[in-house]
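Two complexes follow with chain A in common, the first pairing it with chain B and the second with chain C.
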Partner chain A sequence: MSAGVGPEANGASADEDHIRLTVPARPEYVRLARLTASSLAARLGFTYDEIEDLRLAVDELCFLLVGPGQGRDGIVSLTFSTPHDHDLVGGPALVIVGEGPVGPQRPHPDSHPQELGELRELILTALADEYTVSRTSDTVQFRMVTRRRSRT
Partner chain B sequence: MRVDESSIPTVDFAVTTEVDNRTCIVSVQGELDVYTAPLLRERLHEVLAQGASKVVLDLHGMTFIDSTGLGVVIGALKRLRESDGDLVLRAPSRSTRKVLDITGLREILEIID
Partner chain C sequence: MSALGQPLPPASRSEFVEYRRTGNPALRDALVESHLGLAEYLARRFDRRGEPLDDLVQVASLALIKAVERFDPDRGLEFSTFAVPTIVGELKRHFRDKAWSLRVPRRLQELHLRMAPAVAELTHELRRSPTIPEIAARLEVGTDDVVEAIEAGRAYRWSSLDAPVSTGDGEPTSALAAKIGAVDPELAAVEERSQLAALLENLSPRDRTILTLRFYDGLTQSQIATQVGLSQMHVSRLLSRTLQRLRAAAGPTGEPPADI
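On to the complex of A and B.
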C-alpha cells in the first residue's frame, strides 16, 4: 500500500490537490478508499448524509476493481482530486479516478451477478453526480464526480 | 437459547446469532461490504441449515451496507421464502433505509424497529 499527496508527491497541477492511493486489488482494502473519500469530503464541508452517499458510491465503484472473493492479482490505483476552481466542476467537488485489473467472471454465491449489477447501478445512479466506467482487455477504470450540495 | 459470535477483529466486524427454537436473531456489528459479507453469508447458511424458519436480522450496530451485503440479505430471504420462512430487518440506520429505498428492496423486506 502506498499513498501520496500532491503536488509535490506526484507532480499534480497547482489547480487541484491530488491524493493517490495504491493498494492490492483485494476486498479488505476497499475500506481504505471509503475512509480516504470521506476524510477528503469532510475537509470540503460535505454534510454527514453527503459523506454517507459518497462512501457508498466509491465502494460500489471499487468493487468493480477488486471483485468478490479473494480479489484479483495486481493493484488498484485511486486518485482523489479536489479542484481549487469550483466553477470548473460546478461547486466544491471530489473527483475520484480508479483503475484496477480485470478479473475472471465467477458465479456469485448469493444472487445472479446481473441482479447485483443492477443494484449497483441503481445505487450509483442515485448517489454519484457523474460517473463513467470503461474497460480494456486487461484493466477496468472509473471516474466519479461528487459535488457538495449544501452551503456552509 | 444458543448464542454464537464470529468476528473479523481487524475491521471491527462481528456477527452474533441467537437461536431460539425456529427463530434466529442475527445481529450485525460494523461495516457490511465485499470483505465482511462472506462472514454473514456463512452464519446465515449455518442457521438456515439448522432449521431456522424465521430470521430477524438486527442491524442496530451495522454502520454500512453495499450491494454485496444486500446480495447476502436477498440470498437468505430467497432461501427462507422457498421454505415458507421469512426474514425481517430490525432497526436499520437511516442510511441503510435510504439504500433499501434506492434499490426498491424496501418493498420486499419487512422492517421492524
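On to the complex of A and C.
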C-alpha cells in the first residue's frame, strides 16, 4: 500500500514527497486514505496518539467527499505530502489535499446536516493543526495540515 | 460546547493532573465514571440510525476511556473540549465501518490485540504516547505491520454481548459478558467487550456459530450438536475451549492475553 513511498521519505531527503491516491468515491476506500496517512505519519515520527487523531481527521474529511451510505459517483483524489522544509516552529508535518464530487442536494431524511456540520467542525478543530474546506458547483476540496508535536 | 446543549460534569482538573502524574487506575475509573453521562449523551445523539443504542453507548464509553487516558490538563483545554471530538469521531466511525465488509487477515487482528497492552506499557514507561517504531520494536514486528494493525482494529464488528442468554441448566439468565467473567461491573465489562468482540471475530466460523447458538440463541449443547452435525461431547469440548480462550483474552486490563 505504500507504493510511491521510498526510503528517502524518512526525512533525509531535501525534496518534498508526494503520494497520490485516486479512488472511487465510496466509503470502503476511505480505509486506504487512513492507511496511507498513518504510514506517512509513522515515518515522520508521529506518536500512536497523534496517528489516532490523524485517522479520525482523515475520516472526517474523506467522508465529506464520499458522502454517507453507498458513496457517490465519481472519484476522489488525495495528495499526501511531507514537506521537509518545515519551519522550525512547526515540526514535521503531513499535508493532505483532497478533492471529490459534491453530493446530491437533498439530504438523507434521517440526517441532521446542521448538527453534523457543527460536530465535524468541532472534531476537525480539535484534531487538525490547520484545515480548510471549499466547494465549487461540482467538487468539494479540503486541505489539512497535521504536525508532529514536540515531545517532552 | 454550549452548542451541544448539555451541562457537562463539574471540572475535575486537579484529579486529571493527579491521574496524569500517578497513572492510578482507581482514579482513572473514577474520572471515567464521572463522565459516563457525557458518553451516553453523545451516543443518544446517534440513536435511531440503525444501530442499537447499547452498542453506541459502548463505543462512546470506550472512546471516553481513551480520552481520559490521553487527556493532558497541561495543554489548557477543558476535558470536555478534548473528549467530545474523540467520542463523536469514534461514534461516526462506528457507523461508517459498517459499510466496510473486507475481512482483515487474522495475523493483523492478532497483532492488533497484542498492540493495545504494548501501547499501554510504553505510554507508562515513556510518560508519553509511543511512536510507531517504538511499538514495532516492543512487538518485534515491522513498522508497516503496526500501521496496518492499527487499521485492523477498525474492522471489529461490535457483538452485542448484552443480549440475554439462558444457560438451560437452571442457572439464572445472564448476559454473555457477565458469563465470561467481568469483575468490575461497569468499566471492566466495557473494556473487555472490545477485546472480546475482536476475539470473537478471530474464532473459526464453527466455533463462533456454536458460541452464538449456545449463548445468544440459548440452545442446549444437544440441540447444537444436532444442528451442526457433531456429537454433544464434541460440542462441549469446543465450547469450553472457546470460552477458555475468551477468558484468557479478557484477563486483567493491561496484561497481554495469555495465548495469542
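Going forward, the second predicted complex is superposed on the first by the 125 of 152 C-alpha atoms of A that agree within 3 Å, B and C clash if a C-alpha of one lies under 4 Å from a C-alpha of the other, contacts with A are read in each partner's own complex, and residues count from 1 in each chain.
The rule is simple: a residue touches a chain if its C-beta (ideal position, glycine included) is under 8 Å from a C-beta of that chain, and two chains touch if they have at least 3 such contacts.
All figures in this text were calculated on a predicted structure; none of them were measured in a lab.
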| item | value |
| --- | --- |
| Simultaneous placement of chain C and chain B on chain A, clash or fit | clash |
| Which of chain B and chain C A:42 touches, first, second, both or neither | second |
| Chain B versus chain C as contact partner of A:132, first or second or both or neither | neither |
| Touching partner for A:31 - first (chain B), second (chain C), both, neither | both |
| Chain B versus chain C as contact partner of A:55, first or second or both or neither | both |
| More chain A residues in contact [chain B versus chain C] | C |
| Region of chain C that runs into chain B when the structures are aligned on their shared chain, from 9-17, 117-125, 135-143 or 153-161 | 153-161 |
| Contact residues of chain A, present in both the chain B and the chain C interface | 27-28, 30-31, 34, 49, 52, 55-56, 59-60, 63, 110, 115, 119, 122-123, 126-127 |
| Contact set on chain B toward chain A in their complex | 10-11, 31, 33-35, 41, 64, 66-68, 70-72, 74-75, 95, 98-99, 102-104 |
| In the complex with chain B, residue positions of chain A that touch it | 27-28, 30-31, 34, 49, 52, 55-56, 59-60, 63, 66, 68, 108-111, 115-116, 119-120, 122-123, 126-127 |
| List of chain C residues in touch with chain A within their complex | 3, 45, 48-49, 66, 70, 81-82, 84-86, 88-90, 92-93, 96, 99-102, 119, 123, 128-133, 135, 143-144, 146-148, 150-151, 154 |
| Sites on chain A touched by chain C in the complex | 1-2, 27-28, 30-31, 34-35, 38-39, 41-43, 45-52, 55-56, 59-60, 63, 69-70, 110, 115, 118-119, 122-123, 125-127, 151-152 |
